[in-house]
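Okay, so here's the structure we're looking at.
So that you can tell them apart, the chains are marked A, B, C and D in the order they are listed, and the count of residues begins at 1 in each.
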Amino acid sequence: MIDQIKTKAKELLKTKKVDIVIGYKKASDRIGAIPAFIDKEGDIDKLIWDGYCVYNLSNYLKDFPGKKIGIVTKGCDAKSMTVLLQENQLKREDIFIIGIECSGIVDEKRKGGDIAYDERCKGCKPATPPIYDVLIKEEEKKQAPRLEQDPYESVRKLETKSIEEKFKFWQDEFSRCIRCYACRQICPLCYCPRCVAEQTQPAWFSKAVSVEGNFSWNVNRAMHLAGRCIDCGECERACPAGIPLRDINKKIEKDVKELFSYEAGVDTEQKPLFSSFDKNDPEDFIK
Amino acid sequence: MKIGVFVCHCGTNIAGTVDVERVSQAASKFPKVKHSASYKYMCSNPGQNLVKDAIKKHKLDRIVIASCSPSLHEKTFRKCVEAAGINPYLIEMANIREHCSWVHKDREKATQKAIELTRLAVSKVSRNKPLEKTYTTIEKKVLIIGGGISGIQAAIDIAFANYPAVIVEREPSIGGRMARFDKTFPTLDCAACILTPKMVTVSQSEHVTMHTYSEIEEVSGFVGNFTVKIRKKARSVDINKCTGCGACYNKCPVKVPSEFDMGLGKRKAIYTPFPQAVPNVPVIDRENCLYFKTKKCGICKKICTVGAIDYDMKDEVIEEKFGAIIVATGFNQFDHSVYGEYGYGKHKDMITGLHFERMVNSSGPTGGKIIRPSDGKEVRDVVFIQCVGSRDEQKGLPYCSRLCCMYTAKHALLLREHNKDSQAYVFYIDIRAAGKNYEEFVKKVQDEYGAIYLRGRVSRIFEKGGKLIVRGADTLSGAQIEIKADLVVLATGLVAQKDAPSLAQMLHIPYDKNNLFTEAHPKLAPVETITSGIFLTGACQSPKDIPDTVATASAASVKALGLMVQDKLAREPLIASVNQDLCSGCLACLKACPFSAIEEDEIEDRKLRRKRTVAKVREAVCTGCGNCTAVCRMAAIDLEGFTNTQIMEEVETL
Amino acid sequence: MKYAYFPGCSLHSTAKEYDLSTKEVARALGIELIEIPDWICCGATPAHITMHLLSLALPVKNLLKAKEMDSFEVVTCCAACFSRLKIANHFMQNDNKHRKNVEEIVGEPYKGEVKVRHFLDVLINVFGLKNLTERVTNKLSGLKVACYYGCLLTRPPEITQLDDLEEPHLMDDLMKVLDAEPVKWPYKTECCGASFSLTKTDIVLKLSGDILQMAHDEGAQAIVVACPLCQSNLDLRQAAIKKKYKKDFNIPILYFTQLVGLSLGIEPKKLGLDKHIVNPLPLLKERKVLVDK
Amino acid sequence: MSEWEPKIVGFLCNWCSYAGADLAGTSRLEYPPNIRIIRLPCSGRVNPLFILKCLSNGADGVLISGCHIGDCHYSEGNFYARRRFAVLKKLLEYLGIDPRRFQMSWVSASEGDKWARLVTELVEEIKQAGPNKDFVRKND
């Protein structure tokens, strides 16, 4: 199947349909995969495809303004492109999506070991990208059976805790936050020209590493991704402090699904969650 | 920055619970406050003069008034400081009366709270910016959607003031529902006699343009500057050539049920809906026309001496600009086929009030004879049922349709006038005859025209022996009643036009759960909508009889003319604005704006060295609700008067 | 097709022929009806006008018995039983307060999970009219009938969810399949006076008399019913009506199951056609719809 | 040391809730003095970050109050607010912030009595929740 990707990439570059192809290449450790930016036909052989291709490449689309881009895209990553299209950040005609019907990626923490599905792949059922220009399927043998697992298992576990326990839990987790904003930088949907975290007029919340500053930043990040996050999991992967950010993202994902039947990244024509409403939205929390 | 704080005693209203002097002293120590004072009545002339003098004496540049609710005196003090040379938007009010002295009894706590409220206002005002009112130009032309009595009246009023009006009517002729009526309550003048002169006036007015057989396709823009696309459907008859001689429809071989006559009569495939139609130019109904169906016939074209028939005519979409829009789209009838007890609308001799109007009309399909549609026999016993659909939350409408009581009484009267031997029975829930000479009219029908009024609901109607057996309860006598009727007339309720929601969406005006357009305020702004420059008249807003319809038409016209006479339109500056450098162009704000007051704009990004899309506020449309600011993740859009900085400053001061 | 069968008190007494004909028809069509063992009162009139809670607890008890049989669908023929069982389910599904009370009384949790069907519904919507057409061996051609549904079968519509509230047609559809002629008449859901059948018989005579008159006027030779109370009022009171109003209708009142039975070729006696007050046999003979045996 | 009194911030829409609070005043309906009202044009104006700022700035409770559904002066603002804060409310609770600290209500211009009752109850609830210690910016 890597041949299929290469063939397509070659064709795209040759016919000048795109200026650049974004895909994956081997990292220097010879195991992992890192993004590859190919603009010469000669470099096409660097392209790889395996379970280590974890990066959500859509994050790099904005780095090539005015260029036509071909991009290797997993199912989840294509959803973030759907949101980017929804939010006017991309032009569909500028990108050529080489969609991969992915059968799961490895858990990076177990690098070098056996291929095991990453936590976020469990419960991901339609691995087919919602949008693509060409679809390449993984080989039959790699299509290991997907676990029928509740994607919200760990959210539910946390929900049952008492208020004090919850606060304690998150306080501990957030206490490690060093406000490096790696979670933001890696997120394909955090594209604001100037993040509120860096604004001073007004200063929206404390920039200091403190309980309330860290809480505020993380609540802000989560709220800004409400109805947008497609759970590519890059934030959690990038977090040097190992904060379980996906547990926050999934919580909102679950809530908006339950409250408003809203799902992110499935339809480019969909209105943003907070820029729309239903007259019958629940309001049992309002006095 | 030199802030002045002025604390009002409001007689004892504030001073009775709050130690005003202490508030004033405390305020004098707040950062940036250069002067503070208190006075018995700050809103009085001496009070205002005290503020003005202090501004001059202490060179104050921002003012806080700690007194009553801003809803009472914000305007007063804006004017006051403006007179003293300060921008009117550089004041804030601390509400220490309604929100403090009147709701607390503990003097100490109330005083403390008053101090804090004043502190909040001081912190906010320190972040205020001078603002200027904005101005827009006005297109001096009014669009009227709907050519019924409502739209006609509006057009006449606008034209009388020498401003141009354009009527868009989807039927081939103006006239609307009223053109179908026979006589009108309570005076019984004939509808045609009072309507047709108005139709002629409109058609002859140099200020009025009519687009009949036309529909609104698209509306954009805002008050003073609406751009409207109008689809002129292909009439197949050249309106400029046609003389209205009528030869074409006289000779046309195709007969179909006439919509105007509610299917009681026939019309041709080329037709004018009724003889007094304006314009008196026929239209070809292409679905039924032989030429369009089979390419044969063509009689009308052959017979037309002026060559007005044009089979190749196409729909035409024109674009016009308007300063104001009057919506006069009227109503539809409730569909009574939901009622099983009335036979699901299957009984032939059961008609609606509008059918009755056509039947009783001497120029109508039966020549004024009231007959049974099933066998054409003249009727004797007629049962009228009121509130069909109206006041029925279960199967119909929650509201009262307001005119059925009156038109049913009129029908009962006309029935007896047309046939001395007839008998009217009227089933009603309540008689709602609130209008000038209305109650008297109903009484007259009961007393002089022998209509029998029965207070109760009809439980079942069925056919037996060629008659309709109407069974119901007379709740006044407690008896079960059965009437063998020749004809049953249903006073079906008034409902919104089927496509009312799509028009409302086009116009960005709200509509309620019954699809009726919503006025800006039910009492104080009954013909306005929340979208400025768009006004409502007639039954599209709620069921209305002719007097009310005409009154609202004139009211809406005055509102529209109020815009027409202005040179420029002043707008409050408390609206949103975009910092385009911060804007990512995600357009979350555009999608969340209830007023479509945000549009796309393009800027040259200096950093990226390319053009990119950003949001831009259409100042004339923005109402200042601030919803956009809350959905903007990058805080690139802000609301003047309630800016993020102001609010965060207030919170910071807590 | 296997159902728990709830006959109710009428079908074991005054409406024996309804019970008989239902079982015969079911057997002939291969619909298995297993009577709920130890069934008790459905909670109709005597209960529901005196004690609301009892009128829910009784049917729930019966439905729980059906649940024990591992049968999640109950079939009944009596319109009153149908109504009570359906209403009980409705409350248990939608009203937490009542459900708690009733669960306390019957000592078991129950959320309205046992489905309740009228036999008419089973015949038409489960077995299907098309299938039935193929089984009809003895057409009832020329027999003019008025289908009378009464008050309980369709009301309240949000609970019964069986047929059109004002203009029901299920039995009419069924009769057409048997080649009988259902007349068009307006009294399909008029009140027969059943609630007063023992206390104020003069009201019953008036109301039932009106129904008979209308059926007669519209040319019906027989009235078809789906409720034992309707049947007994219309059948039993014809003599008294004759006495009071001097009107001799002599219209047989038949259960739809009896006519379906006839059309399937089942002999009249097995269908209890000999158990009526107004003897239907002369009419059926005259119309040549009796099976010769 | 005096008894602790909770500090509550109320974000009120100008057209309904602010006017309702005015009416409570005009009707002289007494309620505890713990609330500080910030007037906004519409509940739709409230940015979730305002709530965080209040809580980290020492507020023991935050209230958003707007027009009842269907009454919004801007016709739809409260619909957006309702959706936005349904999500925030659940998130804050999930992160361990006492749900009593952030509440929302609809109060119309004619509901002075509801306003007075609401504030009274709110103050009572926040008193039970105790001072907001965990989340507050420490004075540096």
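As a convention for this text, a contact is a pair of C-beta atoms (placed from the backbone, for glycine too) under 8 Å apart; a residue touches a chain by one contact, two chains touch by 3 or more.
As the structure is a computational prediction, the values presented were derived from the model and not from experiment.
The central chain of the assembly on a C-alpha centroid basis is B. Between B-C and A-B, more contacting C-beta pairs join the chains of A-B.
Separation between the centroids of chain B and chain C, computed from CA atoms only, is 54 Å. Between the CA-based centres of chain A and chain C the separation comes to 62 Å, rounded to the whole angstrom. With centres taken as mean Cα positions, chain B sits 47 Å from chain A. With centres set at the average Cα position, the gap from chain C to chain D is 60 Å.
Among all residues of chain C, none touch two or more other chains. The set of chain A residues touching two or more other chains comprises 196, 204, 274-276.
Touching two or more other chains at once are residues 48, 53, 76, 80, 84 of chain D.
Contact between chains, using the touch rule, shows up for A-B, A-D, B-C, B-D. Listing the residues of chain D that touch chain A in their complex gives 48-49, 52-53, 55-56, 69, 76, 79-80, 82-99, 103-106, 118, 134-138, 140. Of all residues in chain B, only 339-341, 343-344, 460, 462-464, 469 touch chain C in the complex they form. If you check the complex, the residues on chain B that touch chain A are 581-592, 608, 610, 613, 631, 633-636, 644-645, 648-649. Those residues of chain B whose C-beta lies close enough to touch chain D in the complex are 69-71, 95, 97-100, 102-106, 109-110, 112-113, 116-117, 120, 510, 518, 530, 574, 592, 594-595, 623-627, 629-631, 635, 639, 642, 644, 647-648, 650-652, 654.
Taken together, the chain D residues at the contact with chain B in this complex read 7, 9, 14, 18-19, 21-22, 24-26, 28-33, 36-42, 44-48, 50, 53-54, 57-59, 73-77, 80-81, 84, 116.
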